[in-house]
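Heads up, the next two complexes both have chain A, just with different partners, chain B and then chain C.
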Partner chain A sequence: MASPLKITVSQEQGQVPVTVFHLVGDIDNSSYEELQAQAKSAYQAGSHYLLLDLTKVKYMSSAGLRALHNIFDLLNAGASEETQKKMKRGILDGSYKSPYLKLLNPSRDVKRTLSTSGFDMFLEIHTNAKAAVNSFN
Partner chain B sequence: MSDAKPGCVLIVDDHKTNRMKMAFGIKNLGHTVEMAENGRQALEILRAQAIDLVLLDIVMPEMDGFQVLETMKRDKVLRNIPVIVISAETEMEQVVKGIELGAEDYLPKSFDPVLFKARVEACLEKKRLRDNEQLYLRGLERELQIGQRIQRSFLPDSLPQPPGWEIAAHFQAAKEVAGDFYDAFWLSRQEKIGVVLGDVCGKGVGAALFMTLFRSLIRAVANLDDFIHTDLSAAAANNLEPEAVVVEKAVTLTNNYICHNHQQANMFSTLFFGLLDPMTGRMVYTNAGQEPPLILSSKGDIHRLDITNPVIGIIPGIKFNIREIWLHPGDTLLAYTDGITEAFNPEGQMFSEHRLEALLNKPIASAAALLELIAASVDTYMGSSNQSDDITMIAVRRLTDCN
Partner chain C sequence: MPLSTSLSLTATKKDLIEVRQFIEETGDKFGLDPELIARVRLAIDEAAANVLEHGYQNRPGMLEVVLKQEKADLVGQISDKAFSFDPTLAPPPDLSVPAPLRSPGGMGLTLIRQALDEMRYEKPLTGGNCLIMVWRNVFHSSNAAG
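== the complex of A and B ==
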């Protein structure tokens, strides 16, 4: 029995302006497109740094991972070919985490999904909201 | 007359004059007419031929208009035919009851030509739209069934059963088509068995299309030495272990192929791929983002394999790590997708690992029996809630001497 996803958006100022999505509910097959769509609107409206607050997300399915990957690609779209190449090399040697998309407070289950799939290789996971916002630069 | 195809209208009235008046109006609009004097006759005609609209009088001998309406609305086919109730201007109560019973509209017995045309044509148009919708839905259903049949053909018809071993699988899609896949196949030139389990992200048609791609790539690339007639013993000559080369090559090429050719589609898959030597019980494997498979020993111990890599299809050029395990007599390898552990009960709780592991501390009769036990337990746990994800398992069991 899935609980529908609610997304509220706030703007925070760290070293750079950061858009925070506060997510409540499950990120699954019925909600991942909504998350992608909202991220796309935010990006088109000028947001380049996105923090997903997962504190109130109990469950994330593989469709949720798909949304994360989609947003990861979206925020990297503006990068030059050289930067993209560096990024790929960085992911391979473990030195790259996305400077644009970060995650806050995933539950134990969601964290497990992130580590099983290997998404924690390129997405930073934070536990403190303020530190997370300030980590964008 | 409108440009649309003429309809066939059934006029039901016990007064001949009324029938004639309405028939005249209908024919003038370019449609064909059938007539009935009472409700019983009307139902006979409705069941015998295709009618697009019924003009229905209420007060009639034998069977009145309300009874006709009630019978029509109970019938799966007849309920889709629109009905216009015919009534005297003074009998508004009857009209209301007719509408409550499912009539689309009503017409006064004065049969004003403008009103008559407007209501008849509106109802026929609605019927045409409804028919088209039904046709479209049936077409979609048919396409989906074809898709389902073709997709099933990407799963093996039968699984290899080498002497001293038992291999079984269970597959239960959440929708008509699935994103999960499993496979077990002989690598003929090496006398090894490839064991595969994967879960493409998401569900439905998109995941199903990619499932066929991932599954085919792994099987084809694993057998590449057969296709191109080279011998992997060359690998051994270079101090490379042939089994590890096969596994690494299969997942690396599949991963790079998806990353380079389908990056825009944003689809990836978990993948467990093991290569079993049935002579020795040694399995070389890689496990890309897949729930770690379990090894159940004959003594009841449970051991989990490693996750060696992230899911395939997102990071090009990644190096896949290869591990090995030994399956001893009495050991069973169980690989499963998250449709098992993430099955929800009606209260919204997940089946999770601990319920799965609790099922595994009893002796196992056979690999197939183990999968049946797990599937039945998950089914009972889900109860009235819908299956939200594909459920797939594959079990490889090494028999003990006394088996």
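== the complex of A and C ==
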């Protein structure tokens, strides 16, 4: 059943400190800006590694993709010019996965939206929370 | 009797959740497969979001959603009173460019096109827009009375 988005935040320690957003509800045109705003707040407070736990997200529209893209850009904003060039080469040859933004447990429908839009090409998708946190380095 | 149901509301984007609930409840009532309901929900939510964001510029506006059976097909109609815009003519994003190198956004119509079998646009004489979406061969022959 459709439901509004709620976000709770936790901090986990893997190889590096990881901020985890636990999302419950739908990411749509009315809620994606809240997700972006919370990511921006976390980034400004010092979070550089973000895991989005999508286990309880049943629906994500293209507005959710817009939020993921903007968060991806935000987390890459501090990278050096050389790193940005390397990233662009990796994106073009299909080998790049974001070291800063990863996804946990998207539903079948959310996965389809990610693959239709090509977002699964540059965002790692994990199914185990502990392994996901430990994959950041 | 062919199945038909509608939702009419003065909407802002906060009401998209009500539109999706309407699709989910109607899909259950029509006995549709959950995977199909998910595709219908995506297509209609995206189309309604476009109307509310671009057509009405985030101000409240009339939105009517109809779901009905036409023989074996499921037909969705979204009507509004916003300025005329035919989304079937909108160019798709260049998907040969990897997603992170494209501008954020602009994927709504691509998701809509992938979620349905046919999309048509009609311009009502009374103004506004009507977008018609079709999913083919949804209803079994015993139920396809329309």
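Throughout what follows, the second predicted complex is superposed on the first by the 135 of 137 C-alpha atoms of A that agree within 3 Å, B and C clash if a C-alpha of one lies under 4 Å from a C-alpha of the other, contacts with A are read in each partner's own complex, and residues count from 1 in each chain.
Criterion: a contact is a pair of C-beta atoms (placed from the backbone, for glycine too) under 8 Å apart; a residue touches a chain by one contact, two chains touch by 3 or more.
Predicted, not measured: the structure shown is a model, and the values here were computed from it.
J.: Mind checking chain B and chain C on superposed chain A, clash or fit?
T.: After superposition on chain A, which the two structures share, chain B runs into chain C.
J.: Quick check for you: in the superposed arrangement, does A:70 touch first (chain B), second (chain C), both or neither?
T.: both
J.: Between chain B (first) and chain C (second), which, if any, makes contact with A:4: first, second, both or neither?
T.: A:4: touches chain C, not chain B.
J.: Same chain A residues contacting chain B and chain C, which ones?
T.: Shared contact residues on chain A (touching chain B in one complex, chain C in the other): 1-3, 28-29, 59, 61-63, 65-66, 69-70, 73, 88, 91-92, 109, 116-119, 121-122.
J.: For a test of understanding, state which residues of chain A touch chain C in their complex under the given definition.
T.: Residues 1-4, 26, 28-30, 59, 61-63, 65-66, 69-70, 72-73, 88, 91-92, 94, 96, 109, 113, 116-119, 121-122.
J.: Using the touch rule from the top, collect the residues of chain C that touch chain A in their complex.
T.: 13-14, 16-18, 20-21, 24, 38, 41-42, 45-46, 49, 52-53, 95, 98-101, 104-108, 110-111, 114
J.: Would you tell me which residues of chain B are touching chain A in their complex?
T.: Result: residues 179, 199-204, 263, 266-268, 270, 288-291, 307, 309-311, 314-319, 338, 342, 344-348, 350, 385, 388-389 of chain B touch chain A.
J.: Could you please specify the touching residues of chain A with respect to chain B in the complex?
T.: Of all residues in chain A, those touching chain B are 1-3, 28-29, 32, 59, 61-63, 65-66, 69-70, 73, 88, 91-92, 109, 115-119, 121-122.
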